[in-house]
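Below are two complexes that have subunit A in common, paired first with subunit B and then with subunit C.
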Partner chain A sequence: MSSLAPNLLDEALGFDVATSTITDRWDGCRRVILIEDSVETSGAFVLHHFIKRTLSPLSSDVVIFLSFSHSFSHYDRVLRKMGCNLVQQTENKRFLFFDLLKFQCKEGNVESVTMALYGKVHKALEICCVPDTKTKVLLVIDDISLMEVATNGSSNQVLDFLHYCHSLTSQFGCSLVILDHEDIYTSTDLPTLLLRMECLADTVIKAEPLGTGLAADVHGQLTILNKGVSDVVGKKRSKSSNFHFKIKENNVEYFYPGSRT
Partner chain B sequence: MASSKARTSSFSRNLSSASTPQIPGLKHGPNGTMFLSSGIEDLDKILGGGFTLGSLVMVMEDPEAPHHMLLLRNFMSQGLIHTQPLLYASPAKDPKGFLGTLPNPLTSKDDKSHVRETEQEKALRIAWQYKKYFGEQNLNSQRDGKAEYCNDFDLRKPLERHILIGQSIDCVSFQECSNVATLYDRCSTFLAPNHRLSTGEKGLEKLDGNRSDGGITCGGRIAIQSLCTPQCDFSNKDWEMLSFIRSLKSILRSSNAVAILTFPPSLLSPYFLKRWQHLADTLISVKTIPDEDKELSKLLTGYQDMIGLQNVHKVARINTQVPAILDATIYSMKLYKRRSLILECLNQAPVDGSSGTSYASSGS
Partner chain C sequence: MADQICRVLRDGAVEGEHAPALIIKDCTDAPLGHFVFNHIFTRLHSYVSLTKSQSKGVVLIALSRSPSFYARLLNAQGDVLDTSDNWLRVLDCYTDPLGWKSKLSESGSISKVLVENSVNTTLCQNVKDLSNLTSKVIELGREMVGEGKERFAVAIDSVSEMLRHAPLSSVAGLLSDLRGHDQVSCMFWLLHSDLHEIVSVAALEYISSMLANVEVIAQVPNGQKFNSENLSLIEQNFRRGRFHVRFKRRNGRVRLMSEELSVDQSGIKFVPVSSEELVIAQSLVPKVQFNLQLSEKERDDRAKVVLPFEHQDNVKTTQIYDGRRSLSENQHENKHEAADDVQKTENPGNGEIIYFRDSDDEMPDSDEDPDDDLDI
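Moving on to the complex of A and B:
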């Protein structure tokens, strides 16, 4: 499958290029990945990429998807064009979709409602993660800023929820992918939520427009920051990479700046 | 999710969508979406066909000029001509009165003369505008077939009374609403499940074209004017308004309606403004231009006819991940013959020419 061939994004994320299965690399990673985007450039395509990778026919991994922003049919349409049938995966119990479009807390019950949601996620994970199997779970949240809206701006509750989800990564060995909009927080002096999330994250992926505006050939640039990568001598350090992308219906092209004519 | 059982293969051909007869006022778009006209032909063209059904369009107002009203009025008028149900919410005491200011479609005779004249005009344009010239010609050749989808409106003539009679029009004044929840209730009853605007099943059926029962009969329109103005009691409750927009967006998604919401961005803090912008499927801003700006008038051709600028920040992307890349994001708003609104790409004079001397010297 050509679309599973490694690209710059996978390389930057550290997916093993040599082995086409991703399970080995995910193994023990238990990563938290934060995707940041802006009004001009949507980072949703990175989410789609993760879903597609995780649901690859070569693995038995599971995606648990918390959607605050789109309906199932939207993702189904998008992923179908990428060669991944979410309806079928739902039937195979490899894609669990939580439709949270109408998720809304009222004053006073914020904590109980978010806790109930966490309970559901926890239960779903318990079912998916049968011990002694190689099944890995990817927990995706699209997107966290809408959860803030749904909880009427109580970012502390959202943070609590995130911390609980983070604890799941060590409990069940799952990975967590969060989408958020960076530009919301640029005007605030203390963007607690964003800073905390960046702190939690092992990998931060930033989707930004080009400084010169959008072009037909280049839709924007990705900056990927991997924290705590061991280098040759075994020292922990951060590694960042940067490249351009062009989004198509069935895949995304990644290339280094200037490598396109 | 249950409704989607019929389609298990990625490669099943969607026969039903091809055979669905054209519904007046609606147009098939890419990725199984449907379009509904904005009432401004140029805007439809810029957005790739119109407003996507189930999307939320947000317009950032100019605090000094009511250009957003032009968009609203054309949008509402177009809906009434297609006999689409309409919900209009505004901060005014008597929103019904606004219906009297809606523009009337140009008669076909006027329409044709408009086309012919613009074509003549275009023949006179000079070389560096050629690209635009070709673009518009295509549009004109198409317009005969799609005349019904989008009308030309005469902003000076009020909509004829008989069009308003018997329509399902719902008007809400913010002043009646003590909180946003009331407004939300009005919107949700407008889009209620047993109403003809709802597809019944969540999204999938509508989008996959299984319209045998329920079915799309027509698209609905919601127009909300100046949501966060101080006239309404809830204007200081930022989170509540955000929740309202988000809830509105989620009920829209499973309906056959388009909502257009205008707001003055200067009344929101930058933090909330960004959140509002993220919630919009399609984001447009309108700006007035100063009357006597000599710098600008030197820079842009046709400056005298312009009434303002329109900026398209974001185009709805439903069922696809590919962003819409527009040729231009800023368009000039002009009133053709002071009656119909047209949008044009900005024609910027060559940079060297803006100094003003090179042309004059070469000419003499």
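Moving on to the complex of A and C:
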């Protein structure tokens, strides 16, 4: 179970280290997390981390995964190396995969197609979230920029979809994780989609290359910005943090700058 | 100042005039607008429930937070809520703003949307139709206060959401229609300014009589990669901000004021700018271990010290340090010093710095001009 020991990323996200089960850690954490990565540093490993955490054998939590970028076998291979069998989890109905690689809207039917997609997600949540159980659901979208492409660049439709996903967080108490790329928006126009998602998000995770250039032992840095806006009732709010990471074959190491020789 | 805003909203409109309107503006770097909105909303709600205000009820148009969020917020303030609460009506534009859920449940794909019953909520399923929205708000307000002369307040939790669904002209139309309505006592709304063009923001500022602007307290250099240094600045901006308020009076007078706001677990606090700086200044001094203050005598003594290389304008010929002196000159100098020592004992008030070279090998620093500061 040592691979499930909380690391810097978990601490930064405010999972309670003291409690033993993952379910407790997720408890009360219904929130929106936005991962912003860049061309030079992919943020996909953070998604993998979330999947692995949620599908831990200690909990009964469920992942609903909307994939616009890769097929099921891609994630299966990655997660298998990390010690998590997605095929088995799919059979156990704990990993629901929506293959949206061929998702495409035609001119004029964008709203009806996105609405139908939302309907499927909503239905899946209804089935997972049986009242009076402790099951928490993590809804993951990988990635939102490809959804924008599939809706013929209509960012407003994407935002409508995201708003409805956001409404699910209060209706079913689920968490929402969105991946997007930071550097695909021009600086002249207002990068409205990204800014609006930042407004929506309670936590923003930025994956960037090092400011000082490439290094053999460090693959990039993660910055976690906890806004904690939704916490009105005095819940513990974690601070923002910044640390380096190194991606290895079957796990990721997180460490503070300068703590490695 | 936040109190002043609340008082203006509490006192409401004068007969035959537009209701006072407040725009709360924030940006992504200082996302504290919601806290200000929630603060003003809860204050107004408590004024209304204590019948201390002109308005007899509040209609909240919830676009970016669920009605249950506001129910929790008011409960946390100690206000007891139930559906018979006659001071609050929530027009829920959050749960199903485009009618997707109702369409899907009609076709049988999902189960029926449940209206949240923690507060008195009405579901709105088409936010694009703003004229319908206006009439719904007035309907809900009349439900609370009746058709007579009693008034109600209107709060909109994010006009930014509204602007995504409808053009600026219709949103501005809705705001000014409501403001001009004779049963509306006051209005306030939230706007995230960097999501919109400057013109849209300005247009909405014209409709309002008060502006509360939350700005960043620590400027983060643009386009810089994150590091531990600017992370702490960003962190600060999530907790604290500058709070600028602009009041526009009836006669056209504009008054600007500034405060600082900070948010912590106990809630939101407003502090005058000057006192905050004073606190920082006071809190910094005792942390230094050394005595940095000079007494009057010490200051006098310091002024008397003649610095080396300073043109001394006495009878002696000015000695220029060239870095290489012969042995004879050294002996000559030693004599001078002996004489100086005598002089010093006579006049102890004169300070002097005497410089001895360690040895003849010492060369002047190669990169500096030894004659740089001489007045010849």
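The working rule: the second predicted complex is superposed on the first by the 248 of 261 C-alpha atoms of A that agree within 3 Å, B and C clash if a C-alpha of one lies under 4 Å from a C-alpha of the other, contacts with A are read in each partner's own complex, and residues count from 1 in each chain.
The rule is short, and it goes like this: a residue touches a chain if its C-beta (ideal position, glycine included) is under 8 Å from a C-beta of that chain, and two chains touch if they have at least 3 such contacts.
Note that the structure is predicted; figures quoted are calculated from it, not measured.
For the composite obtained by overlaying on subunit A, subunit B and subunit C can both be accommodated side by side without a clash. When the shared chain is aligned, subunit B comes close enough to touch A:219, but subunit C does not.
Once the two complexes are laid over each other on the shared chain, residue contacts for A:181 go to subunit B alone; subunit C is not touched. In the overlay built on the shared chain, the residue A:156 is in contact with subunit C alone; subunit B does not reach it. Of the two partner chains placed around the shared chain by superposition, neither subunit B nor subunit C is touched by A:60. By the touch criterion defined above, A:48 reaches subunit B but does not reach subunit C. Fitting both structures onto chain A leaves subunit B and subunit C with a minimum C-alpha separation of 16 Å.
Remark: subunit C residues 28, 31, 34-35, 38, 66, 68-69, 72-73, 76, 94-98, 100-101, 103-104, 109-111, 160-161, 164, 192, 194-197, 224-228, 231, 234-235, 238, 265-266 touch subunit A in the complex.
Across the complex, subunit B meets subunit A through its residues 1, 4-5, 7-10, 31-32, 202-204, 207-208, 238-240, 242-243, 246-247, 250-251, 253-254, 269-271, 274-275, 277-278, 283, 313-314, 317-323, 325, 329.
Residues 39-42, 44-45, 48, 70-74, 76-78, 80-81, 83, 85, 87-88, 90-91, 97, 99, 101-102, 104, 145-146, 149-150, 152-153, 181, 183-188, 213-216, 219, 247-249 of subunit A are the ones touching subunit B in the complex.
Subunit A makes touch with subunit C in their complex at residues 111, 115, 118-120, 122-123, 126, 156, 159-160, 163-164, 167, 170-171, 190, 192, 195-196, 198-199, 206, 208, 210-211, 221, 223, 225-230, 232-234, 236-237, 239-242, 257.
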